[in-house]
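Common to both upcoming complexes is chain A, partnered first by chain B, then by chain C.
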Partner chain A sequence: GGARGRGVSPGPVPGGGHHAGVSPGQGWSCRAVLGEGHQRTVRRVAWSPCGSYLASASFDATTCIWKKQEDGFECVTTLEGHENEVKSVAWAPSGTLLATCSRDKSVWVWEVDEEEEYECVSVLNSHTQDVKHVVWHPNQELLASASYDDTVKLYHEEEDDWVCCATLEGHESTVWSVAFDRSGERLASCSDDKTVRIWRQYKPGNEEGVACSGTDPTWKCVCNLSGYHSRTIYDVAWCHLTGALATACGDDAIRVFEESASSEPQQPTFSLAAHVPRAHSQDVNCVAWNPKEPGLLASCSDDGDIAFWRYQRPEVC
Partner chain B sequence: MAVASPSSDMFDEIVMAEERFHGEGYQEGYAEGSHVGVVEGRRYGSLHGAKIGSEIGSYLGFALTWQCLLQNCTDEKNSKKIRALDSLIGMIQKFPYEDPTYDKLQEDLEKIRGKFKQVCSVLNIQSDFRISTERSSLTF
Partner chain C sequence: MASPFSGVLQLTDLDDYIGPSQECIKPVKVEKKPGKAAAKIRIEADGSYFQINQDGGAQKLEKAKITLNDCLACSGCITSAESVLITQQSHEELCKMLTLNKTAAPDERKLVVVSVSPQSRASLAARCKMGVLETAKKLTAFFKSLGVHYVFDTTFSRNFSLLESQREFVKRFRKQSEDKKALPMLASACPGWICYAEKTHGSFIIPYISTTKSPQQVMGSLIKGYFAEQQHLTPNQIYHVTVMPCYDKKLEASRPDFFNQEYQTRDVDCVITTGEVLKLLEQEGVSLSDVDPAPLDTTLSGAAEEELTSHSGGGSGGYLEHVYKYAAKELFGIQVDTIQYKPLKNKDFQEVTLEKEGVVLLQFALAYGFRNIQNLVQKLKRGKSPYHYIEVMACPSGCLNGGGQIKLDSESSKDQLQQVERLYESLKTTIPEENWTVKELYEQWLGGTESEKAAQALRTEYHAVERASTGFNIKW
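Presenting the complex of A and B:
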């Protein structure tokens, strides 16, 4: 009780018991409370791809790794190194890599081996300000980060070390979150500038004639969703089952966008398919699509609630 | 000074006097400012350069010491540490110290700092070498 809803992770959710938008009889119950790990705000949680581990990123500058046991969770390791608040943590689809980011402006990449030993493989100082979020590409070892410096940066491994291979500029203020689409060809970013931007990857030798430097792909902004949100957009989630794009906004609303049927790959168009103006009574901080059940969306807010929503794509979109 | 006619020249001098003094004053001030600026800039540059040198130097000393301490360890665990140390030493040695106009100066410095942090993590050492809890003893 009293914990502010700061993050949701798609997985077997240890939810808060709020029943909004779910048919009666299908309640959510709290299975565990992991209270002994952190000294300050827990800002983000992330399930490992195998589902056996949960990572928690905290303002106490540490990241805890929890292992699921029969009767609860046990903290198997604490990752230290960041100088101050850790803002986000994310597992790579391979399950062997983990990324963390912090107000200390850096992004750390960690590797875990079969013996559950974690080792830092890289410390990336590319951003010039607080890094808000990190997210992995769905099928490549490519990492994206969003920052208070108004940019999104991408990183990959080159000759045994991680390097920044692209910087996406365009937002006019803090980028709070990023999300890849199912294929990983596109990225959505949301910002304090009240827009959601869609970026597309152009590989060297692409037929559209977009210039690339060396072997690195170039990312170009192909769509800018502006005029829909009246406040900062704190999170964006791209459903890998349906392609729907959900946003969490500081105006307490949740919105869902769908790509139009007439959308072109180089110039996609999205339209607002759903809008819940008072989804919460305060800022919505996070939204997450259930990875198995289409249309099931979780959200959390400064109002302390976690809410579950059922979304259905409207007929005309 | 070429004289158009005696009367216009005399008034010229008086009327244009303020503007002339203004101009001369500006020239003098600019020259003095440039000179003082260069002196201050040089002082700042050498201070800043010394700071960076001191920082990188401490990373190098630290890395060389550990390289020495681990030189007889051949197991897998330590080979990762040795590889990380070699990488840091390599980056430091490749850095162009004689060229303050090197366009990737800040970028490479940040890479070195990041590498140092990663090495500390792998060696299980706190990178700010805190002796007391008040403030970091590592300031450059």
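Presenting the complex of A and C:
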């Protein structure tokens, strides 16, 4: 029994290095416990780009928006509408859009105005099963979602509504998470099929001759990392500072992959640069790179711990 | 295959997943024999299930069936397979019925009436590349060739829905200081919206919803009531079919509120979609444009000539327009000729404001599609809705874009919708108050606008659906 660490979200960090200390939680102190918002499991939390707001997605079918105050956090609004468990929430880089996804198979896009009023902008029913995760492109208003239906879908705004503009097929089982690289040209997805796949965007008129329909780019799988993980991969995180790819696995391990020096754009190759076999004593659910400090990785697990790691790229990779 | 029901309805109840604590409200009763061992089930090659008893004997197990009525009440469904949900209502069912009717004994034979919605007619007209009048006449001929006796237009019954809505609004407006839930009044013609509202927001939202019946159900009352009497028949001796632009109308027709207990008959026996009419035509090897037109049936509408008319205010019935114009006149003595719509966040959310000397007298809105319905209900819950009346429809772009309309792959859906809109708007519009037959029916048949009979025929109620505990206790 006990707590299960489900997600970590690196917000703007006031600086200072921390390492997985000998004494538990050295250097980290709990600043607030937001206990009055949700009735069930809180599955995911996400900081807004400006750092003043925290969104929490819960199995009680709601998403709370918390505003940082001097002495804690205040729940400014509760987003309702999903039929059942909300699995993930993510803020767009612009800070005015938010996405949520649920076991009800839908992805919702919300907009917030200057008066902190949230309104539903679109309800997307493209997936045929539970949607596990949503993530925004680093610099475009492009949204990605991962689902129990084995696909990744991409969405953007067209006229006055949002539409699904691409479906990435290839995984043989539930896709648990997705992550864009710093440029947004590539996407990494991880799955219950124990692989991590790298997808690349091909715009219309691309020189590689990849066919596109209309004005929408096509996404193709350019790399399949298989044979490294022995269980379901629950999360993947792509460091925007160093390009390192970290995975959270059901075999209790954390792995880091690096792109090889000889890697080609159309056929990138990644190699396993680090492997911590017993990072936790149970399933690792989530990994997140610190956005400011290279090599600083946070992880959390079913064992109830949140761990911090210092990663350094090995000489030969 | 994607569900044909409106997006609003899809989100609320069709789900292949069943949590252990979710229960279908219609369990099949099984005779349980006392015994210690767990039941053994054997599946035969043909897919039938047999329970093997301890003594080796086998018992065939009954297939669990879900009817449309059950679907409406349940908050967790066993299967999302459409075939299960719509077996009782389809063009195949209609064909079966017509075939039976041909060979039935005279006292068992039913009078078959088909009521066609103007939205379906416009969609068929677009598909068959004809005008609406020609489509109506050829459709009449086609249905009659199959054994249908009368073909009517639900534009006629819509007069009642519009008049009742108008009157209801003014009543509610006048008592808003005593009744906190009098306003905003929310339109009630769309069953996708109604089912969603009953299930998801229940007793919170129901008081706001107009109690006026939809044109389909008013037609049901007219056909099984007035028309039956005129024909010297009992309600169950008429088989009433409607042709509608969506599948949600099938659910509306099977609501217990629209079931006549005395005669054990539904006000609307079968709903077929525009697409199903096309299937019927294909089945019969008929091209609608080649059919010889037949004169339109005017017995119900009492129209002197063969003329088709419509109502202004868009393809979903024109509720906002009619309520607005009537209210402006009745409440403030202002005559409104044209309405200015102001689009807000998206084209399916529009506002209309009546102002005089800088004071807002009336503020109405159109809210089509799930996202707009979401926002409207959330605003209502937070007490932040500025509207007096909202025309709510489940489908983006309204009824002309319903899930049962004909969609061609060859053209863009935008172009097709525009064509259907043009055809729908090609008819002359009339004002419900000026329809003599409607006036007469109110006076002669209903005994006045405030009578018990009028309430019975033209109004309905809604029922909050109690949600079974939805498996939130499960650890994921």
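Note that the second predicted complex is superposed on the first by the 301 of 317 C-alpha atoms of A that agree within 3 Å, B and C clash if a C-alpha of one lies under 4 Å from a C-alpha of the other, contacts with A are read in each partner's own complex, and residues count from 1 in each chain.
One rule holds in what follows: contacts are C-beta pairs under 8 Å (C-beta built on N, C-alpha and C of every residue); 3 or more make two chains touch, one makes a residue touch a chain.
Just so you know, these numbers come straight off a predicted model, no measurement behind them.
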Fit-or-clash call for chain B and chain C when the two complexes are aligned on chain A: clash
Chain B versus chain C as contact partner of A:Arg40, first or second or both or neither: second
Touched partner set for A:Ser106, first chain B, second chain C, both or neither: both
Broader residue contact with chain A after superposition on the shared chain, chain B or chain C: C
Partner chain in contact with A:Gly81 - chain B first, chain C second, else both or neither: both
Partner chain in contact with A:Glu158 - chain B first, chain C second, else both or neither: neither
Which of chain B and chain C A:Glu119 touches, first, second, both or neither: both
Partner chain in contact with A:Glu169 - chain B first, chain C second, else both or neither: neither
Touching partner for A:Glu293 - first (chain B), second (chain C), both, neither: neither
Residue range of chain C overlapping chain B upon superposition on chain A, of 148-156, 292-300 or 346-354: 346-354
Chain A positions touched by chain B in one structure and by chain C in the second: 81, 83, 106, 119-123, 125, 160-161
Parts of chain C lying in touch with chain A, wherever the complex brings them together: 7, 10-12, 15, 17, 345-347, 370-371, 374-375, 378, 396, 470, 472, 475-476
Residues of chain A touching chain C in the complex: 39-41, 43, 59-60, 80-81, 83-85, 103-104, 106, 119-123, 125, 130, 160-161
For the chain B and chain A complex, residues of the former touching the latter: 80, 83, 87, 110-111, 113-115, 117-118, 120-122, 127-128
Chain A residues within the chain B interface of the complex: 81, 83, 106, 108, 119-126, 160-161
